[in-house]
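In what comes next, chain A is part of two complexes: it sits with chain B in the first one and with chain C in the second one.
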Partner chain A sequence: MSETKGLARVNEMLSTDRFARAKELRAAGKHVFGYVCCFAPLEMLTALDIVPVRLLGDPNEPQTEADKHVETIMCSFIRSVFDIDLKGCFSFLDGLVVPHSCDSVCMTWGIWPYYNDSRVFQYFLNVPHSATETGEELMGHALQDFKKKLEQFTGKALTEEALRSAIVRHNRQRALLRELYDLRKDPVPPITGTEVKQVLIAVMSLPVDEGNALLEEVLAEVRTRASQKAGGPRILVYGPAMDNGFIDLVESCGAEVVIDDACLGTRFFSANVEEGIDPYLALNHRYLRDTKCPRTYRRPPEEELAPGQTYNYEEDVELRLGHIAKYAKEWKADGAIFYVIRFCDSHGFDIPDARDSLKRHGVPVLVLEGDYTLTKEQLKTRIQAFLEMLDQ
Partner chain B sequence: MAEELKNTKPRTGAVKTTQTCHEAGQLIKKFNADAVRALQEGSPVAWVMVSSMMEELCAAMDISPVFTENYATAAASRPGGVKMLEVAEGDGYPQGICSYARVGIGHAMLRQQCGCVQPDWPLGGMADPTVILGSTNVCEPRYKWYQQLRRYQNVPYFCGEYSMMRLQSGVDPAEVESYVIAAAKKEFLRCKDFLVKHTGRKFDESRFMEVVLQGERTRDAWWKCEEIRRAVPGPMPFEDMIGCFPIGFMYSAYPESEAFFNKLYAELEERVAQKKEVGPVGEKYRILWGWGIPPYGYLKLFNIMEEYGAIPVFGTSNTCYGKYTHDDFGSFTDPVERYLVGQFRSTNHGMAEANAMHVTQDVYDVIRFAKEYKCDGIVMNGTPSCRFRTIGQMAAIEMLKESTDIPILIMENDMADPRAINEAEIRSSLESFVQVVDTAKRRREGN
Partner chain C sequence: MITAGIDIGSTMTKAVILDTDQNAVLASSIVETGAEHRTLALFILEDTAKKAGLSCGQVAFIVGTGYGRLNIPFADKQITEITCHAKGVCHLFPQARTIIEVGGQDSKAIKLTEEGTVGDFVMNNKCAAGTGRFLQCVSETLEVSLSEMNELALRAGDAMPVSSLCAIFAQQEIISALSRGTPVEVVLAGMYGGFARKILTMANSLRIEREVVLTGGTCKHAALQAAFRRELGFDVLIPEEPLLTGALGAALLAGKYGGRLSREELEALQLRRSFTSVEIS
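And then the complex of A and B:
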């Protein structure tokens, strides 16, 4: 285990092998599972002493293996994850958990085990698409099936006591991440958006308790630091995966990314799992209802209206997307930049509503669409023009 | 000038072979006209997403359905469809998202701008909905699209949670059927209550049972037509079945649909007896439309295949996949459960066999139908704006190679965006493919 601490440890992890610790633990006899997206109930893995690590792509790696086996008209992020898995980057994993987040993930799952059946445990968690009573009922079945399969794999019972303990520890992690994000509410934030994202990636690569310890070190260090930026426009970023250098790019143009609504961002930790109720019901609520990903359908109020009553569409948009404007207000964002990965239906359909919602709240928006691998120079020109507009 | 260009656009639709198939278009037009008339008479009209467990429900409650995906396929080959795509894109919807949805959203935006649908829109536009009925079954655009329609139309919207009606690879349908059906029944009854509230129509259980039984008879009559197409030479090409598909899939609850398939069967029986061939040069090669949504803006591609004697004898899309009724259907006294079980089993047909072979359901369909219909080649179509019906095709080729050596071609043409269709490439790729099919067939036959 590394001797470095805090941000130095984060830098070390990301510049060498972020999975080094997970591999070390595996060599010592622990099981290590990889997962994608925000819908894998990590608490269930932790409760069985399985180390969950978030799988990300590599925007600098040409998708040569994926090119052989999978179409290009799909999310280039998940395509990159698939590509580097086929190249052996995740060969240390005992298991893979793929939740039903979106069509690209779901359809990639259809072929994934065909190309890599090296892992003993490969599981598709069929998360329903709507945060409704029936969705909750189906999610309950999905969680129970997942429990059964995990118990079969480990040969151990997933006890309620262990699950409750895991929930507390993961909630602690969420609270620490919120503390870290809160530091960026400061008019002169002591940590950059790029650094926050790096911390997040590092934490997602460690067992929960070690991630929490690292976060405590980072928080202690950052609280005593001076501002890391000269004070450019404060920006909210919106989109799916943000591990592709997009935040770095925005900050290199002179902005400060102070907040996000992204898969690799607030969606990972913004909501806790409720403690003190049935743990499976709590997980159900947290992952189906409270994870604010646009892949989840939320019933609009008008379904409950009486015939002839009209509804206010803007209210419905606020129900679905109002949290973005709330973030912008709390973190005092001067503007918002969307980076929607091409062929992402979930985010693509929401662009007009999310854009207009922010504009109604007085937040100017720049919408960009592109691949997981960034065309940096083209994007830079548009971002710079937007930032100049904000400065005027 | 642009208008002149539109008006002189060469034909892109397919010339049909069977006589009855010509009547399919008329029947569908009649169903659409019924919706327009219903609206004019003050009766309710529902915009319906197919495979949302609502087709039979609308029929039983005398609510006229308008199938918006169908409308998009019709718009794809007509002037005005592109305008709808462009209008939606102008509000910020990316070109990569479902083209059916972009057409539908564009229609709603133009409807909002113009105050009413215009007669020069494709098919005269869609009748204004009283309610919109979507679901989470199949793919994301099916609920995201309808959610967005409300940005432009103040119409009550219902979205059914049916995301587990279609299972993922590896899941045993028998293991989950009971709880999936129990959950689906709740959604179905919720939808029924929603329709009662917003349309004022009544739901009668015995009437619904009649509709369910009618739907079963229609689908079984449809399957009989598919089965007889195994004959050599094939009596009916795939493009004809594309035209008949909505009658079996969306309008199965109506007696005229069953009558239609019975008539089609009689024609096919006669064509088989007389060994009538399809196409200008007859049947040299039997082709399976193996996977993917056809490019509705350029169905002429099937006629191009036929010019080379390559007859698309069957398709694994736009079809039913077997006899709809099961032996145990009689044990279901509750019409809702009977209906939902039928839908669930039909959707997950072949899943157990696919799981046993460690392939996806789509690949299993291709393997099965290529064999059953004695095909010499397989053509697939990747759709740039549809993840659900495209991802996995390349992998399928590798999976298929383990069980068949017949040549496979993958084309890429969008389903409802004619701007993403390359006519020259279609022709040249089909031309080369037929050569490959010919060589492989000769080799197989020892020539």
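And then the complex of A and C:
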């Protein structure tokens, strides 16, 4: 295990091999599973002493292997994850969990095990796409099936006690991440958006308790940091994974990214798993109802409508996207930048409503579209012009 | 104070020298961009200064803009073309609320506030459709010069609808129309109409408000101006030289930022600035 601590450890992990610790644990006989997206119930893995690590892409690696098997109109993020897996980057894993986060992930899963059959455990978690009563029922079955397959694989029972303990430890991680994010509400945030993204990636590469210990070190360090110089306009970013250097790019243009609604961001930790109720129902609510990602369809509950009453558009938008304006207000964002990966229909459908909702709340919005591999120069002019607009 | 704005666009490079005390443009120049931005930036500054009866050293503050803005080693500040066009256009037309700028390799729409600042903007981000590059492609395919294309389209009584504005697909569409015997002027009139519609679709996401000002070199085509008027259903305003609004805005903003500095600070800037040793990186 590494001797370095806090942000130095984060830097070390990201500049060398962020999976070094996971590989060490795997070599010592532990199960290490990779997962994509925010919809894998990590608590169930932790409860069985399986180490979950988040899989991300590599924007600097040309997608030569994946492009032999998938068309370029596919999401360039998941293509990148698939590509570097085919090149052996995740060969240390003995399991892969792919939730049905979006259609691109689902259809990539459809071919994934054929092109890489090296893992003993490969599992597709059928997370429903609507936060409705029927969706909840299906989610219940999906979680039970996942439990059964994990038990078969490990030869151990997934006990309620272990699951409850895992829920507490993962909730602890969420609380620590919220503390870190709260520090960014300061007029001069003690930590940049780029650093926060790095911390998130590091934490997602470690077992939960080690991740929590690292987060405590980072928090202690950041709290005592000498005051940073005042940054430029405060920006909210909205989009998918964004491990591709987008946040770095926005900050290199002179902005201070203070908050996000992103997959590699608040969506990972904003909602807790309720403690004290049936743990599977709690996981069900947390992953289906409470994780606000554009991949999930949601509307005000039907049963609350009076006969003949129809949905009110504003209420609908508030339910689906109101949290973004709330973030902007709480973190005092001067503007919002949306980055959509081309062909991402999940985010694409939400953008007009999200943009209009923020504008109604007086937050200017810049919408950018591009590939997972950033076309930096083209984006720079737009970002700089937007920052000039906020600063005029 | 004497200021300069230099706008290195993808196709054309523009410069304006301004006397901010008199609020008067002393001189301006327009040259083709080419490959050597740094040499060109110096050349155009010297040339424009000479026209104004000045030397480079007499310019107090210089702002660079356009996609080549980082390649002007002696500029005191870089500002994006969006902010500069807005400033330049508002100076010429205080009543303007929407700017449509069609450049050599991109097009943009800018919404202006009542105070004359940028309220919102949108840029084409996918391809050459709706840019000057598209017209150049058509010109090369038809072997008709850009100015002839403009005249032919203006003469047409009828316009053939051109559905695709992808620079490649539209050429195929144009070639098949010509091979079917559609007169070239009818094809070209349709192309300008489709071109204007393409840009207006993008601009409409900002909700276009009057007055609308057209800028950028491509907007010098009278046939494109006519197409914009026809599609919008009202008249548009066009600067005397649509290529210069970015450089003008840059020179005006140079006045704003230079004006914040003391005489000593401005002198220090001039001492640091080197016009002779231009390094090519």
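Convention: the second predicted complex is superposed on the first by the 377 of 392 C-alpha atoms of A that agree within 3 Å, B and C clash if a C-alpha of one lies under 4 Å from a C-alpha of the other, contacts with A are read in each partner's own complex, and residues count from 1 in each chain.
Simple rule for what comes next: a contact is a pair of C-beta atoms (placed from the backbone, for glycine too) under 8 Å apart; a residue touches a chain by one contact, two chains touch by 3 or more.
Just so you know, these numbers come straight off a predicted model, no measurement behind them.
Trainee: Looking at A:E133 after the superposition, I want to know if it touches chain B, chain C, both of them or none. Which is it: first, second, both, neither?
Mentor: Only chain B is touched by A:E133; chain C is not.
Trainee: Taking the superposition on A as described, I'd like to know which of chain B and chain C A:M389 touches: first, second, both or neither.
Mentor: second
Trainee: Would you check which partner chain A:E369 touches, where first means chain B only, second means chain C only, and both and neither mean what they say?
Mentor: After superposing on A, A:E369 lies in contact with both chain B and chain C.
Trainee: Tell me the contact category for A:G348 with respect to chain B and chain C: first, second, both or neither.
Mentor: first
Trainee: Does chain A have more residues touched by chain B or by chain C?
Mentor: Counting residues of chain A touched by each partner, the higher count goes to B.
Trainee: Of the partners chain B and chain C, which touch A:T381 in the superposed model: first, second, both, neither?
Mentor: A:T381: touches chain C, not chain B.
Trainee: By the touch definition above, which chain A residues appear in both interfaces, chain B in one complex and chain C in the other?
Mentor: In the superposed arrangement, which is not itself an observed complex, chain A uses residues 369 for both chain B and chain C.
Trainee: Quick one: which bits of chain A touch chain B in the complex? Just the residue numbers, please.
Mentor: Residues of chain A touching chain B: 68-71, 73-74, 100, 102-104, 106-111, 113-115, 124, 126, 128-130, 132-135, 137-138, 141, 294-295, 297, 299-300, 302-303, 305-307, 310-311, 313, 316, 340, 342-346, 348-353, 355, 367, 369.
Trainee: Would you mind writing out the residues of chain A in touch with chain C in their complex?
Mentor: Those residues of chain A that touch chain C are 364, 368-370, 377-378, 381-382, 384-386, 388-389, 392.
Trainee: Can you list the residues on chain B that touch chain A in the complex?
Mentor: 91-94, 96-98, 101, 136, 139-141, 143-145, 147-148, 150-151, 154, 156-159, 161, 163-164, 167-171, 176, 179-180, 183, 186-187, 190, 194, 197-198, 200, 358-360, 382-385, 387-388, 390-395, 398-399
Trainee: Show which residues of chain C lie in contact with chain A when the two form their complex.
Mentor: Contacts found on chain C: 67, 79-83, 117-121, 123, 125.
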